[in-house]
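Labels run A, B, C and D following the written order; every chain starts at residue 1.
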């Protein structure tokens, strides 16, 4: 299995453990990841908030580069990037917008690229196939946290179901884990406010962690670097808002599966987390 | 050369005040083909009519024009007069000199001239009129009522009490419908079953009602007064002739865990079952999908317990044919299930219920014998939340309409809860309170003021479970959008009322039209609420749109009256204003080319294909034929017809052209 | 627009029996006054109205025509008025092609409850047609019907 | 009349029909930050429905449009399928161009600007650069000092920016979009 790969900025920086685990897992599953050449930032929330044309042009360039490279399918582990790329693709179905963006890019853009997130890649690979490779069953009770960007807007992303999604839970069950039915699967963690409004992030992420803790989750499983850094890196700020601090780790789905397949903690970047991971 | 009599009415002074009636009579008298023209003070009076009758005989008239009021007023009067004088009534026409002339114009030359023109116009028309016979259709005085809920029960009883035979079919094993599931009814809080069950028994015992339960309509052919209904009697696997309804078989049946439809899934039933204790008929059927014998060919315990040997394993569905003159549709409605609401947990929380399920909890005959207890753990909920407009008024969910009954039953539910759980707290999330109806608003106020139900204006975003509580995240829009979070023990969704399953298919079998939500469409939104646009088929109750019990009963009685009126004569007499396809002598047969544009135009499926065969039986051609029982005489087909082969009696091309010409040629 | 006041236009109204005819009756019972120029021809339904009949009217010297029936969805025959409306839309292009001024045809809905609307409709139409002046090109229409081999005896 | 114009104006810019909102409040009920907003979503929709200048100004000057995280819970649940997030995008650009900015917007805009500067110059996000320039924008030097070192130790921070090769295209994209728009607003 060979597939295009767009890491996105956070995976090369503050969330490189996500990148490491994705790469390690892909290797273990014999999936060849072909990185998009000279890729740029998708613009994330900033571009989206500040200027529409910019918010379309940046992702458009990424996809144009991929098309140029002859890729047909690209996996985007970062939920934020995934969302921006999918939405841009949808917006650019509009003739006028597309022509405008193409004249900005000075580069052809077809818009027929298949953009998928990590869960979809693993789904395509098959929970069953993964099961057969499990050496260290992931015998933990965890809360799968999807956040906003993976499932909304449903009309465009068409991924899983918008309330109480299941795809991550299925994968976890596949590797021997048990998943919680909890309340905050798709509530927002504060996403883009990580730096600018840490107070709000602490509040929102606090609610999420609290519910997971109340239901005695051993870990929170995520597929989005923004969620992860808010729930993990901001844990200090979060715990300040809570009566009793919470110490449950926040790990990526790729790390969880990696562990089950017997990949080393270091290789999966588990050492890079703020909240120590002992699973 | 025609001999037409013209009679100009003064209508006291109503016409003569602004129209020079003498002059009208004089000038018309001079018209070619007019044998006699007079004016008189009151043409509709006895002496007036006598003038007409005598003139018809004296001048041997072959046409009559009465210049008076609107034909919508007195056309029948004058046509009857002509008929009594031996002139075909359809050779009599009226010129509207009052509503369309004298009353709307000042006294003047022009007004009189207009009056003359109007009369001339009708004279020219009458010259082209042909004698017509009103259409007589025989009437089978037996009605078919489809659906045994309160609507069907009421309609059946009302029709039966007029002395006519009724065939009532119900697809479930018992009649009673949703009303039999209800606890108390608003706004009086009287027990639903107490008022319903006597009616159910009356139906079963009524000499004029033939009841088929566990039966569905297979097909319907024919037209008003003359329908042929094929009915499928689903195999009950129990011989009702011998079954005593002792219930021993039910006691012994080993399959006990089937969710009970009657209890909206809150209770269970056996495979051989009677839906509920007061069922009519009170005899069991075997649910073949769940019965051990039908599933794996072994068990037959019921057969062993049955003293009278009523179990019929090999019984098959039976198709019977009944001839009926009218049909009443009373198939009711369904409610959406809790699994329709992702934001409220896809129905995965046991203590999130539909309104209908709450009815069962509150009902003395229900699974908890009328005590409000949580399905999950049997505990009595101390905090309960009712969510109105669950699915209704929600285009995103495909249901933009208001289900109408929810506001009232939600108020009732909250009230019943407060009456049964004195230390309980109830909250109702609503958008608007629609309590139009006698004592309805007062009822809701009572819930709020006396029973201290907490009404919060706003919708609920989501419901989720946390340590045995249901967390309800709502809002109070009257406080500028303040979020409201309630830890509830039970949540009741006033789920949308939708067309009962299979409505679409049934509508197509009957050729009645239905709306985008599969509710049956009435013939006219204001003036024909119980008729469908297919003559002889009527509507009762919630199959037309969500309704409460009083409305349903009223509508059912309305439909019954329409049926009784239809049955009040042996033959259906209809104005011969119907379309006809011309027929000519062989080898032409007709100018109809068989394009069947008329068929596409006809709203009543009245166009049939007539095959013209030679002596040897070989098909010569296929032309259109109008079924006069179905045709309502709109004439749309006439305008569609390319070859001018179809025409409408009373408004033929010839006639209307004559009218137009007379208005323009002078 | 030059309006010649001495000109009395000839206008024919083709109306349905259930809505507009009844509406016009109501105008009468409410004693509302309107111009005498309009004369009503009664049809069961606007769906019955063959638009060639309108052409014939023009050919015979009508200066204007009113077609009026039930409001959408209120048709006594459920869909006749829709058919009529569709046909009218198609018919308009034919008229244009023949150089008939479509302002001479007033297409409207008057319900049985709209007595005053009928009075207004008549008065406005009369005013408009009067402003347009007598219909001179009727010969054109006559020729067209001739060419179509159309005659009312058909 | 003003009312009509305002509404159609909003619709032509966003395709969002504010008049569809019947004030059920489901958006507010589910909004994670409603309680921090001057006007929760449903209230804000009502203000827009009035179409008056005063209320429009209220909206633009409110913190609601800046606190909205575009998490789209509201849209996902709205019975009338009203795209409130899209409306928020538009309102934010309006607030900027009309320079009616609620104080709460300052750090948020500052962050976004710093973020975009980094992308403009390097083609990617240079986190240290971002944080530094953000701090200079907001003079909030102490914030995050606590976590920065451990981020560095855990290898989450690069001292040097990653640069893409084709940085000229970045300049062009910015020049033709956001910078272009700025000049238009001036």
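The rule is simple: contacts are C-beta pairs under 8 Å (C-beta built on N, C-alpha and C of every residue); 3 or more make two chains touch, one makes a residue touch a chain.
Because the structure is predicted, anything quoted here is derived from the model rather than measured.
Engineer: Among the remaining chains, which ones contact both subunit A and subunit C?
Structural biologist: Under the touch definition, subunit A and subunit C have B as mutual neighbours.
Engineer: Check A-B against B-C and say which one is joined by more contacting C-beta pairs.
Structural biologist: More C-beta contacts join the chains of B-C.
Engineer: Using CA atom means as chain centres, which chain is nearest the centre of all the protein shown?
Structural biologist: Chain nearest the overall C-alpha centroid, as shown: B.
Engineer: Mind checking the centre-to-centre distance between subunit B and subunit D? Centres are C-alpha means, answer in whole Å.
Structural biologist: It comes to 54 Å between the two C-alpha centres.
Engineer: Mind checking the centre-to-centre distance between subunit B and subunit C? Centres are C-alpha means, answer in whole Å.
Structural biologist: From the centre of subunit B to the centre of subunit C is 35 Å.
Engineer: Indicate the whole-number Å distance between the mean C-alpha point of subunit A and the mean C-alpha point of subunit D.
Structural biologist: So the centre of subunit A lies 22 Å away from the centre of subunit D.
Engineer: Touching at least two other chains at once: which residues of subunit A meet that condition?
Structural biologist: 162-163
Engineer: When you check subunit C against every other chain, which residues touch at least two of them?
Structural biologist: none
Engineer: Find every residue in subunit D that makes contact with two or more other chains and list them.
Structural biologist: Correct list: 73.
Engineer: Report the complete set of touching chain pairs.
Structural biologist: A-B, A-D, B-C, B-D
Engineer: Considering the complex alone, what residue numbers of subunit B touch subunit D?
Structural biologist: Those residues of subunit B that touch subunit D are 343, 389, 393-397, 431, 457-462, 473-477, 480-481, 483-484.
Engineer: Can you check the complex and tell me which residues of subunit D touch subunit A?
Structural biologist: 32-33, 36, 67, 69-73, 75-76, 89, 92-93, 96, 107-113, 115-116, 119, 123-125, 127, 130-131, 134, 143-144, 146-147, 150-151, 154-158, 162, 164-166, 169-170, 172-174, 176-178, 181
Engineer: What residues of subunit C sit close enough to touch subunit B in their complex?
Structural biologist: Going through subunit C, the ones touching subunit B are 8, 10, 12, 17, 21-22, 24-29, 31-34, 36, 39-45, 47-51, 53, 56-57, 60-62, 73-74, 76-80, 83-84, 87, 119, 152-154.
Engineer: Which residues, counting only subunit B, touch subunit C once they are in their complex?
Structural biologist: 70-72, 96, 98-101, 103-106, 108, 110-111, 113-114, 117-118, 121, 513, 523-526, 533, 577, 601, 603, 632-636, 638-640, 644, 648, 650-651, 653-654, 656-657, 659-661, 663-665
Engineer: Could you please specify the touching residues of subunit B with respect to subunit A in the complex?
Structural biologist: Of all residues in subunit B, those touching subunit A are 342-343, 345-346, 348, 462, 464-467, 471.
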